[in-house]
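Pasting in a structure now, in structure tokens, and then I'll have a few things to ask.
As written, the chains take the letters A, B, C and D, and residue 1 is the first residue of each chain.
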Amino acid sequence: MNRETLGWTVVLLIGALGLFGRAMSKPEGMGKVYIKAVRIAPDSPTDTRTTFTKVEPKDSEAIVSVPRTVGVWIAALGTLAIFSFLYRDNVFYKLAESVFVGVTAAWAMVLGFWESIVDKLLRNLAPGLMRAWALPGLSDKQEPNYLYIVPLILGIMLLWRLVPRGAWIARWPLAVVVGTFAGLKLVNFLDADFVSQIRNTIIPLIVVVNGKVDPWASLRNTGLLVGVLSSLTYFFFSVEHKGFVGNVSRVGVWFLMVTFGASFAFTVMGRIALLAARVEFLFNDWLWLIDPGDKRPKGW
Amino acid sequence: MVLALWGFGSIESARAQDAALAAPTGLKAVDHPNDVGTSVDLTWTLSVDDNARAQPRVVNGYEIYRSLVDGDEREMVGEVPYGVEKFTDQQCTAGVPYLFEIISVGTGEQRSEPARLAKPITPIRQWIDRSRAWFGVIVVLVCGAVILFTRLARFGKATYVREIAGLQAIDEAVGRATEMGRPCLFVPGLQDMNEIPTVAGINILARVARTVAEYDATLTVPTARSLVMTSARETVQASCLAAGRPEVYDENLVYYVSDEQFAYVAHLTGYMVRERPAACFYAGTFYAESLILAETGNSVGALQIAGTAEASQLPFFVAACDYTLIGEELFAASAYLSREPQQLGSLKGQDAGKLLAGALLIVGCALATWAALAGNGSPAESMLVFLKDTILGRGGAG
Amino acid sequence: MFDFLKTLDRRWIFLAMLLAVSLPILAQKTFPEQPTLHVRNVFQKIEDLPEGSTIMISFDYDPGTTGELGPMTTALLRHCCLKRHKMLFLTLFETGSPVIDQAIKEVIEDEFAELELKSGEDYVNLGFKPGREVIIAVIGLNLRQAFPSDHSRTNLDDLPLTKNIVNLQDLDLILDLSAGYPGWKEWVQYAASPYGIPFAAGVTAVGAPQAYPYIPGQMLGILAAVKGAAEYEAALGEKYPKYRDPKLNEGIRRMAPQFWGHLLVIGLIVLGNCIHFADRWRGTP
Amino acid sequence: MKSTIPWLIAAATGFVMIAAYFIPAAQGWQGEVGTWFEILAAFAFVLGGANLFAYHLGKISARRAGWGYSGVTLVAFLVTLAAGMLKLGVPAPDRYPTNAWAGDFQFEGSVSWWLYWYLYNPLNATMFALLAFYVSSAAFRAFRAKNTEATVLLVTAFIVLLGRTYAGAWLTSSVPENYSALTFPGMTAIILAVGNTAGQRAIMIGIALGVAATSLKVLLGVDRSYLGSDGD
């Protein structure tokens, strides 16, 4: 064991002992999740099945949930494992990464199956069967829509890649996807971004308010127009950026830099908020060091 | 007995009279323009009792009823709260004449007399959306310019294209990776093949993969979407073939990770610190992960080239990468890299689009300034309205 | 010292950031907030709508960005409940439904328990449908084509609130809580802009600068991240004194770590530049 | 030839979609093709899943570096898949108590729900939160006034950062009302309204043209990289 490994082992041990000590020494402990039983169908006289829902510890019927308490600890340790990557790559991060990739990839498949294959494709192709199985709320009036055989066939063609011969068949559905959306995006972008943004930028360069010229508003509008035109000049590809064009495009670059600077500053704000939320999770839900929402009774 | 009942009834109706709500007036209906004939637009004048500030409120809202001309199939088609003077019934059938009624709704069961439509209205199906006619002209102009310059280029008209720094660096980056014996990483972004930036990214991948095959380096392409993986495999394979080295194509280096943004990122950052790629390419749609990728790439000393159309992520790529393709440059990249005259022609087409935008802006702002100085009712104002609402708008309706 | 700073290991910066955010959270102090114009516009719109208007709230984010959008979700929902507006919830994020459930539970069921708002009558949770912007385009014309039933699979025709809503054009206001794509931009492109429906958005900080060009043409206003939420909470507190208690205002509370984090970043930029110039000055004698 | 037929398919579907934009009767098609795409993407998950499975299985059987982690990924993948597909721990919904398959797979208390709230979500949010750290190191390292452009970016970022917190308002609180444009919040507002808006609009107009040109090249068959080569 080299010195660094030893050092980290000691740090981890002290951390674990600290946690253990805190959990034991305080009467209320830490990192517990409380639940209570509720009826699935509260208004039904016959259906008496129950399920559990999360409640605050203040609730009189609250009991500790083992799976959820374990969950909070796993979540907290996972959070620390990801943060540990900031120091450097390590076994905890690798573990967290592997679990994360596996869970999310499967999650995407599960969601695709229930929401797209069942709720979109099969609902339209075999409504009767779906009503009897997973979609009991499906309207009786729903008739099969055989147009949905087309995506079914395209989907099967896509899976042809798994067959050793004729992988080129998979290109057809790909072509349908790219072609369709190329057409769709062409008009949508020209409409919503090209035309609308031009329309929004048509503004008077001299602003008159109650018969008087408003110099500040006029200056602002002029600045806006100059900014848009010069930044557009920067994007010209077929003209050499020299002389007049060069100078204008340079001004355009400055405007772009102002844009980027503003974006950067705003982003800093958001990222800190996310970190604050994670730290609050550790302090509040796991360690019970703070109680900002007044959800736990004091000193019990 | 009969008389008594009659008398009682009259007292009732007299009471109702006292508290009667005023009906809305002036109900008008027009066929909803530019649709398939399933909608009718209704407008009316508010009931005189409809006063939003009155306490307690007298009129709570309106109910709208529709029936066939002979009075059959009368049904309520909508309710609107007080203070609202319009409603669009969207459940009509094209070519069928309808009658409409509207009544004020008070507290509890209180209802006014209905206001009726004077003559029936027949919704009509339109085949072409006229409100989009001018937009159609703009689409034709922009696309026409692209097609025209592509054609001209094919017939040997040389096109000048300015330098785009990031693109010239691709060869340098791949060469460096080869020398150092480390891999190249290509990240095609988070979006699927239905997004054009992804398609543009795949076009750049074609070129990168070809250079990599020529230099005999390795290229890893982890993807966040299964369809992108499929397409990227086709592309990389084709590029190896085009470089004359089909044997270097390894399907396992183009693989799917996870659809989840940050799981994908967790894998990519892990990959970067473990495999230490010498060159990282990011081309496609990127969100928050841009900075995690660029900073991690930077910390392992990779040369990084990024391109995205996401304006919010550009500052991070600009700050942390060696070269960045800004917005439109991402789409121009494939044309630039291919050096095919046709593709370069399309760039000139894009420039024509920008000229059109500039011209519209200058004319529009000149008109707006003139209108502001000339005041209300000037010819400039009507020209401005035509430009903004008809040419660049939606024809005023629909 | 200079050489230490010049070759500063970035892990020191990471540590500084961790402290700048953690310590204020433990200290739990708050700063006063002033609502800015864009936030006030959104507040005033919801305030001025007649009681019982129908508002659609699209939760286009997932628990990953609750840190930024959670506080404003609470504030907006609170305001809608105070005004007794009818609410329709949906999400275009595949992992978005849990956020809706949480918001319903915390605000509608717990905080406003005494109003006894009923699902189906006062609010309807439409849940998630895959399709991104396409869903918006579809429900712009026909709500039932994308959402034949609500989240608990009850037919929309059987719910008093949705019975007469054909499509988005029947709504009085659309609010979008947006963490990216699909989000406010798609709502502008496919709903607000084509049909002229009043629209406002709460956005993450990253999305905010891009949203400004759309105001006031296509959007009434925006709430930008935690700052926007804090300002909205302040606006709510001005009108309804009960909501001046910092315990109820997560946004205002979160502005403290925000403040110190900002200061640190500003300090780092200044420090970085000092090093840069000192280096240049030393390099060119 | 093998990319010519797909190109013709792409061109045909694309031009139909453009035309559909101008025909009221076809305006529902946007929605329809979107639904179809979702279905296709769901089919594609089989390709992605199969690939992930094969990739990690290959790594384990070849005992390549880090094969143990591949095992962890596979287990996590299979458990989540089974929990979601079989709706483990999901009771039948209150309205249809006899229909065990009708419940939502994310029902509170189910296995999928647990996986989501205690693995998926915290890991996801923490990865996201890492950005606060990277932002600070980028601020230190990359935001230096190396040239005019970088200085403009830097100064803007600086003003907006200050303008968006209490510190900015406090620092310039002595500036009189009439000159509110000179306070940090005032300058931030001007930067957002003029510089930022202008830049954003130019970028948007450029991107719209770029998307249009790229789409057109796809439809005209000028660029077919996404389909691979002619020889299979």
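Please note the rule applied: contacts are C-beta pairs under 8 Å (C-beta built on N, C-alpha and C of every residue); 3 or more make two chains touch, one makes a residue touch a chain.
These figures come from a predicted structure and were not determined experimentally.
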| item | value |
| --- | --- |
| Intersection of contact partners for chain A and chain B | C, D |
| By count of C-beta pairs in contact, the leading pair of chains | A-D |
| Mean-CA-position distance for chain C and chain A (Å) | 13 |
| Length of the line joining the C-alpha centres of chain B and chain D, rounded to whole Å | 15 |
| Whole-Å separation of chain centres (CA-atom averages), chain A against chain D | 8 |
| Chain B: positions in contact with at least two other chains | 139, 142-143, 193-194, 196, 199, 227, 230-231, 234, 256-260, 262-263, 266, 274, 288, 311-312, 314-316, 318-319, 326-328, 332, 347, 350, 353-354, 357 |
| Per-residue overlap in chain D, given as positions that touch at least 2 other chains | 18, 21, 27, 30, 33, 35, 37-38, 40-41, 44-49, 52, 66, 93-95, 102, 108, 116-117, 120-121, 123-125, 127-133, 135, 137, 139, 143, 153-154, 157-158, 161, 164, 192-193, 196-197, 199-201, 203-207, 209, 211-212, 214-216, 218, 226-228 |
| Chain A: positions in contact with at least two other chains | 82, 85-86, 94, 96-97, 100-101, 103-105, 107-108, 111-112, 115-116, 120, 135-137, 158, 161, 171, 174, 177-178, 180-182, 185-187, 189-192, 194, 196-201, 225, 228, 232, 235, 256, 259-264, 266-269, 271-272, 274-275, 277-278 |
| Graph class of chain-chain contacts, one of line, ring, star, complete, other | complete |
| Parts of chain B lying in touch with chain A, wherever the complex brings them together | 135, 138-139, 142-143, 159-162, 193-196, 199, 227, 230-231, 234, 256-260, 262-263, 266-267, 269-270, 273-274, 311-312, 314-316, 318-319, 326-329, 332, 336, 347-348, 350-351, 353-354, 357-358, 360-362, 364-365, 367-369, 371-373, 375, 384, 387-388, 392-393 |
| Chain C residues within the chain D interface of the complex | 8, 10, 13-14, 16-18, 21, 31-34, 36, 62-67, 95, 97-98, 101, 130-135, 137-138, 141-142, 145-146, 151-154, 209-210, 212-213, 227, 255, 258-259, 261-266, 268-269, 271-273, 276-277 |
| Touch list for chain D against partner chain C, complex | 27-28, 30-31, 33-35, 37-38, 93-95, 102, 104, 106, 108, 116-117, 120-121, 124-125, 128-129, 132-133, 135-137, 139-141, 143-146, 154, 157-158, 161-162, 164-167, 169, 185, 189, 192-193, 196-197, 200-201, 204 |
| Residue ranges of chain D in contact with chain B within the complex | 18, 21-25, 27, 37, 40-41, 44-49, 51-52, 55, 58, 66, 120, 123-124, 127-128, 130-131, 134-135, 137-138, 142-143, 153, 199-200, 203-207, 209-218, 220, 222-223, 225-229, 231 |
| Chain A residues within the chain B interface of the complex | 82, 85, 88-89, 93-94, 96-97, 100-101, 103-105, 107-108, 158, 161, 170-171, 174, 177-178, 180-182, 185-187, 189-191, 194-196, 198-199, 201-208, 225, 228-229, 232, 235-241, 256, 259-261, 263-264, 267 |
